[in-house]
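Below, each structure is written out as structure tokens.
Shared between the two complexes below is chain A, which pairs with chain B and chain C, respectively.
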Partner chain A sequence: MAVLLRKLMEALLTLICATVILFMLIRLAPGDPAVLLLGQPSEVAAMHTEVYEQKAAELREQWGLDQPMAIQYVSWLGRLVQLDLGTSLHTGRAVSAELAERLPATLQLTAAALAVQLLLGFWLGIVSALKAGTFSDQLIRLACVTLASTPAFVTGLCALLLFAVTLGAYEISSEASWSRLWLPALTMGLASMPQFARMVRANMLAELGQTYVLAALSRGLARRRVIGQASRNALLPLVTVTALSAATFASGAVVIESLFAWPGIGKYALDSILRKDYPVIQGYAFVMVTLVILIHLCVDVLYAYIDPRLQRKRRQVTRGVNEHA
Partner chain B sequence: MRRSGFIVILAGMLIMAACSSNTGAPAADTDNAQAQEQAEELVIADQQIAASLDPVEPLTTSYLVSVGAAETLFKVNADGEVDAALAASARELDPNRWEITLREEARFWSGKAIDADAVIASLERSRELDLQAQPFLDGLRLEKSDDYTIHVHTERSHVPVPLNLSYYQTAIHNAEAEHDAVESMDLTGMYQVIEFVPKQKMVLAAYEDYWGTKPTIERILHEEISDEQTRMLSVLSGRSHIALKVPVTSLAQFQDSDTAEVVASQAANTQTIYFNLARPQLADERVRQALSWAIDREELIILAAEGQSVPVTTWLGSNPAYAEASDSVYPSFSNETAEQLLDEAGWQLADDGIRYKDGLPLSVRLMTWGGDKALGEALQSQWSRVGINAEVRHGDYSLIQTARETGDWDASIEAWSTFGDPYTLLSGQYAPGSSANYGGYDDAQTNEWLAQLAESADPAEQREWALKINERVAQQAPVISLFPRPQLTAVSTKLQGFEQHFRQFENIVKANMRWEAE
Partner chain C sequence: MHAASEAILIVEQLQVSYRSKEQARPILHGLNLTLHQGETVCLLGESGSGKSTLAKAITGLLPPSAQVGSGSLALAGGIAVDLADDNGSGSIPWQRIRGTELALLFQDARQALNPVMTIGQHFKETLLDHRKAKPDEVESISCRLLRKLGFTDPLVLLSSYPFQLSGGMCQRICLAIALCLEPKVLIADEPTSALDTVSQREVLSLIRAMQLDLGLTVLLITHDLAVARAVSDRVIVLDQGRLVEQGSVQRVFSQPKALFTRQLLAYRSQVSAPAKLRSTRKSSACLLEVRRLHKSYDANQPIVRDASLTLDEQEIVGVLGQSGCGKSTLARCIAGLETPNAGSILLRGTDISGLQGKARREICRRIQMVFQDARASLHPGRTAQQLVQEPLQYLRIGNKQERIALASHYLQEVGIEGEAQYRKPPQLSTGQCQRIAIARALVLKPEVLICDEAVSALDVRIQAQILKLLKRLHKQYRFSILMISHDVSVLRSFCHHIAVMSDGRFQEGKQASVRLHESSQPHTQLLLRCAGDLEEVRI
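Entry: the complex of A and B
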């Protein structure tokens, strides 16, 4: 319980630090949300300076941007405690409602991309380790290096050109439908898969070189069974990598969402950053930081349960404390 | 392991195949249904779509007018002439009064009559709540003459009221409606909004009781695809029928396409370099003139706009109504003239290829944003040929705004609309303290001519003053005009009836648009 409390305190501190830094950074960046909302010159045929300035000043006052930054932060924090993320400067709608509308699309894409990464990553990583040094291994490694060194937007554009234009097998639209999910998921999954496959390969090779594996094989245990056992141990550290990937996909799918016109929160956040829509950027950052912290907490808890060595160590420590007492 | 690999691939293929079909319907039926839907629905891919439904929210009316949901009282045709639209007619009763007659048969979507009271209420609401509508309604007093006649009193004489009321910001809407949901919005256009997801899509269906020509195409889907490459691919794949804001760099993609073609038109706005006249090197008129003489606009258009525009050397030159002004000053580029002017101004060429005066180099830092990076670099190259140490800084527009606020800038590129009331346009650019007079231009002669333009009663005389001001400014070069910004639209070859227009919001959806097979 003490460990959990300590973790929660750490999470809270991280959350506060992250929001303070972000709150300051977005306000230090050049650009006035009032001016952006009222229209940029090329969009406005004529403008009366005095009226324009007056209206811009009114908007800044209405949004509280004329207040010192510390007061703005405290005010935002006060609303946050009441679970109010504020109102978008651009659309005038509640940020929480807009995030809630877009979050499912992002989570859908995250889950699918993660599935692609895990399935392909495990498979290629294990095959590569078992066939280390062979042509298959070289081929997999070459494919991984090629994919890892190709930016996601290039892969995405090539995929769109092939599947949407040449083959006519994919529909480019702004909908988040199941029929449109596979291509962005594949692109995103393929972009992150090489690193994962390389880690699986390295871990597997390390595990296959362990004494217990050699001993088991020399005692005549079935190779398949031994490899199965070894892969369980090799894949344990990959839980963290998988969790980090999930967090990265959820928070950083901006390029893919924009490229595939996928209406998730990444694209929403990017648009808001361009428009300096402060409440949306803050709300998005808050949700994402919370999500990442939660994922890390879950990984910590999960580790304690799935790794028998940690459980054993904990029991030993507890026993030792009791005996000492 | 080989078997497990096969299973993984098979599973992936099955998932993909399952995902590719939305329903469990037989493939042929699904294809037919999709083909039917495709035949009826016009899909427009845009960089942005509306964020709200209220016409007084910034830019919302631009989208609503462009997709045929909202209408203005007047429209401007492709030749730059003002035609009646939601209004039946307009006539100037005296220099300070116009009479606008409305159409008795026209109705809002709710069935409410579009009478004088409704139109005045709409325009007053726009005046009160939409900052962008104010310049067009400023100095106009609206008075009901009878149920379907409005008298517009103007502070200035000979204000082109129909032109002012042709801007999308003056679109007519039911001022009593809420405009916060599809059900509560009330407009007049030939297409009625039936579904709306902010910043994602707007679905419209033909409005059955529309007063004018009923549109041939039944449905429109206006969707946001912000990535320009994806938008192009959407049209090339046949999914979208119109893609707006095609980058000039994408032209090659359409050269061999049977699916879509690019329609190019020159917008009525001029790509313009604005100078900060507070900078010592740019305060000298000869230096600014030299910078203008040193620009090879033909080459610039090839390098920065893929040849999709024409040179203009004065600001009004991109306005179709002032076509003769396009090259009235600096008719051809001349590095010799530029070098001569710089020599006269005391900027001497040194061995390093840069000109110096009192030990200081002749430097110009040009700030660009959006799609103007290539333009900035082409200018940098051309200016360096006459010994100018040019530097390009490309970034977000807010960087330019911040630089202007602090005064730390030399030059920047922007493109304002040049179509409209000449006094409003020219005073907005060149009167001291006006919003687009970034560089602080203040010329007594120009100011006097602007005052005369404002007081002028005769349209022919107004035109003359406008041309004189335009030419003087070009000669003094507080700004340098380059070319009209090219406006490229990718249009499906199946679609007929798409028209080029210098105001993009006027040309996207037309009632006579139809599919080729029909």
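Entry: the complex of A and C
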């Protein structure tokens, strides 16, 4: 329990550090948001310079942009706690509402991509470990290297060309529906599958070389059962890798979402960055940081449950032994 | 004595070789072996003689790189297996033979158990997979067996994981799991080599007791003559994949016929001969003093507590203790690999326990260490020459030519000559690796040499050679040696004084090794008795 509390404190500290960095980075970027919102003075020919300046000053006051950095940060943090991420400069709607609309689509895509990566990577990894050195192993290796060295947007474009244009099996639109999920999920999952499969293979080979595998076989246990045990142990260390991919998927969905016109928060964030929409960018980054920290917290807790060695390390069993006669 | 009883396992013409890239390396050359009902047969041989390959071959557990040229296995009940058949055992699946006909015990018992499964789960899967019990009977069967093997509280064990148990306990549990299928033949591959003397005796006497109780036939594979002598009815001596001698244990040990067996016995008596060390030291100035040393990684479980020891100039002191008693941690503290929590280590009167940086380096020159696993303590990608030059480079001693000359000199001293100086550890034998490790330690002309179980992992022949080498070098270069071991006989033949450690403390301050048997300390008595049991008495 104390460990869990410490992990929570650590997570909170990380989160606070992240908000400071995040706040500073964006405020210190070149460009005046008020000017951006109103448009460049040269472009607004109809407006007098004085009126323009007055409007801009009003806007700065309204958004608190003219206050010192520290105060801006504190008031921002205060609203953050109440999940008020501010109002989008562009649309004028609450950022939290805008993000909440789009988050499910991204999570849906992430989960599906993760499933592709895990299932395919696990299967290919185990098969190539069991058939190490054979033709199938070489073939899987070749496929993995090819996939790993192709950028996701290239794979995605090829997939779109093939399934949407040539075969017409994929509908091009901009809505998040289950029927449109499989292609972006496949593209995303395939991009990170190779390294996962290689790690599964390496871990599995190491486990198969362990004495307990021989010992289990020597007790006459079915080969399939022994392989099952070994693969479970081979997968234990990969939970961290899976968490990392989940985080990468969620935050790195920008490219795939743009490519497939998937209405997730990645695409939304990209648009907002181009518009210098500070509240949205901050809000997006905050959500992502929180998500990543949460995922890692879950992994830490999960480990304690799935690997008995971590929770019981300290307890040595000495009872049940007879005294040396 | 068992000649009349029926043969229960017959191996004929077993030929196994290992394929590497260039050629096939033969391991077993047409071996024939017969086991009779109820006897204990010891398969004695050095490492690399093919004895483990035999165990794996007759259970069908050889790695893919191994190739069985020919060989057949016949078991009681008319089971015949063609071992050369690549598709496993042909008509009878291995699953039906393994476990129920042949059970196997491994050297490192803790590694032989799945680290994330409880002991109870091991029993459960074994019993249920063979349909030897119904799910609700599993617990009672396993408890009964564990009690039989001397565990008083089996329920606690069933819910424990292997990493919570000691090596000796794990081996007894492995034995229990093997026995729960009621096998006819138990093949034990070095079951006690990784254990200290006390646990060793325990496991061996249990195997013996179970054998008498259940009428098991046991094939005990070992390199340890004492073990073979203590528990076997019949001994088979294996040398480089060939059977060189077999006969009753009394005959083989009293009148060995084969040259190899005679040599093996001669080496053993060399190693365990009582010390005839005269103190040639003129002065007995104290060189190293450990004062009330305390080391713990976890406040509740101190590893070393309140340990005090002195080492005089040119003296050889042995530290005797069971595994886990803290003797290696003590050695690591003295060598500066660990920082003690309290206490001091004085080298010629100066405290060296908390030194850092440059001062620490200077101590490196004066205290050197040789480790148990010689091969693992050497960088696999460097030649013997480079390995011995390494400490000289680190401490910036001499120029390049001088370093090469020094390294060659010490390598010659330890018997690594000519072209062998330019080979890398993987191309050298374990004995040669240990020689290089000794040369690497001595090239700095240290005042203290710490040997942490430096000969424990070696075959008796190599053990005798290394001990002889150390004695010669000690005489020539006049350094002091701190010898850490669990082997009473090695220490008694090698050290001037022996101190006994248990539970992180010195139960007994150092005393002349010839007087060790007069000790009244119960722990010393226990260690001596266990060693003695293995040496002389048949369990």
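In the analysis below, the second predicted complex is superposed on the first by the 292 of 325 C-alpha atoms of A that agree within 3 Å, B and C clash if a C-alpha of one lies under 4 Å from a C-alpha of the other, contacts with A are read in each partner's own complex, and residues count from 1 in each chain.
Convention: contacts are C-beta pairs under 8 Å (C-beta built on N, C-alpha and C of every residue); 3 or more make two chains touch, one makes a residue touch a chain.
Since the structure is predicted, the reported quantities are computational estimates derived from the model, not experimental observations.
Visitor: After lining up the shared chain so the two structures overlap, which partner does A:His296 touch, if you call chain B first and chain C second: first, second, both or neither?
Guide: It touches nothing on chain B or chain C.
Visitor: If we overlay the two complexes on their shared chain A, which of chain B and chain C does A:Ala164 touch? Say first, second, both or neither.
Guide: first
Visitor: Tell me the contact category for A:Arg198 with respect to chain B and chain C: first, second, both or neither.
Guide: neither
Visitor: Per the overlay, which chain contacts more chain A residues, chain B or chain C?
Guide: Between chain B and chain C, the winner on chain A residue contacts is B.
Visitor: Just chain B (first), just chain C (second), both, or neither: which does A:Tyr212 touch?
Guide: Only chain C; A:Tyr212 stays clear of chain B.
Visitor: Return first, second, both or neither, reflecting whether A:Leu221 touches chain B, chain C, both chains, or no partner chain.
Guide: The second partner, chain C, only.
Visitor: Can you list the residues of chain A that meet both chain B and chain C?
Guide: None.
Visitor: For the complex, which residues does chain C have touching chain A?
Guide: Residues 56, 59, 61, 94-100, 102-104, 106, 108, 111-118, 125-126, 129-130, 146, 150-154, 156-157, 160-161, 163-165, 169, 174, 177-178, 181, 198, 202, 298, 526 of chain C touch chain A in their complex.
Visitor: Which chain A residues qualify as touching chain C in the complex?
Guide: 210-212, 214-223, 225, 229, 232-233, 236, 307-309, 312-317, 319-322, 324
Visitor: Residue numbers of chain A touching chain B in their complex, please.
Guide: My answer: residues 29-32, 35-49, 51-52, 55, 90-93, 98, 116, 119-120, 123, 126-127, 130, 157, 160-161, 164-165, 168-175, 177-179, 181-182, 258-261, 263, 267-268, 271, 274, 276.
Visitor: Show which residues of chain B lie in contact with chain A when the two form their complex.
Guide: 1, 4-5, 8, 11-12, 15-16, 19-22, 43, 45, 51-52, 57-59, 62, 131-132, 134-136, 138, 167, 197-201, 223-227, 229-230, 233-234, 236-240, 269, 396-399, 401-402, 414-417, 419-420, 424-425, 428, 433-436
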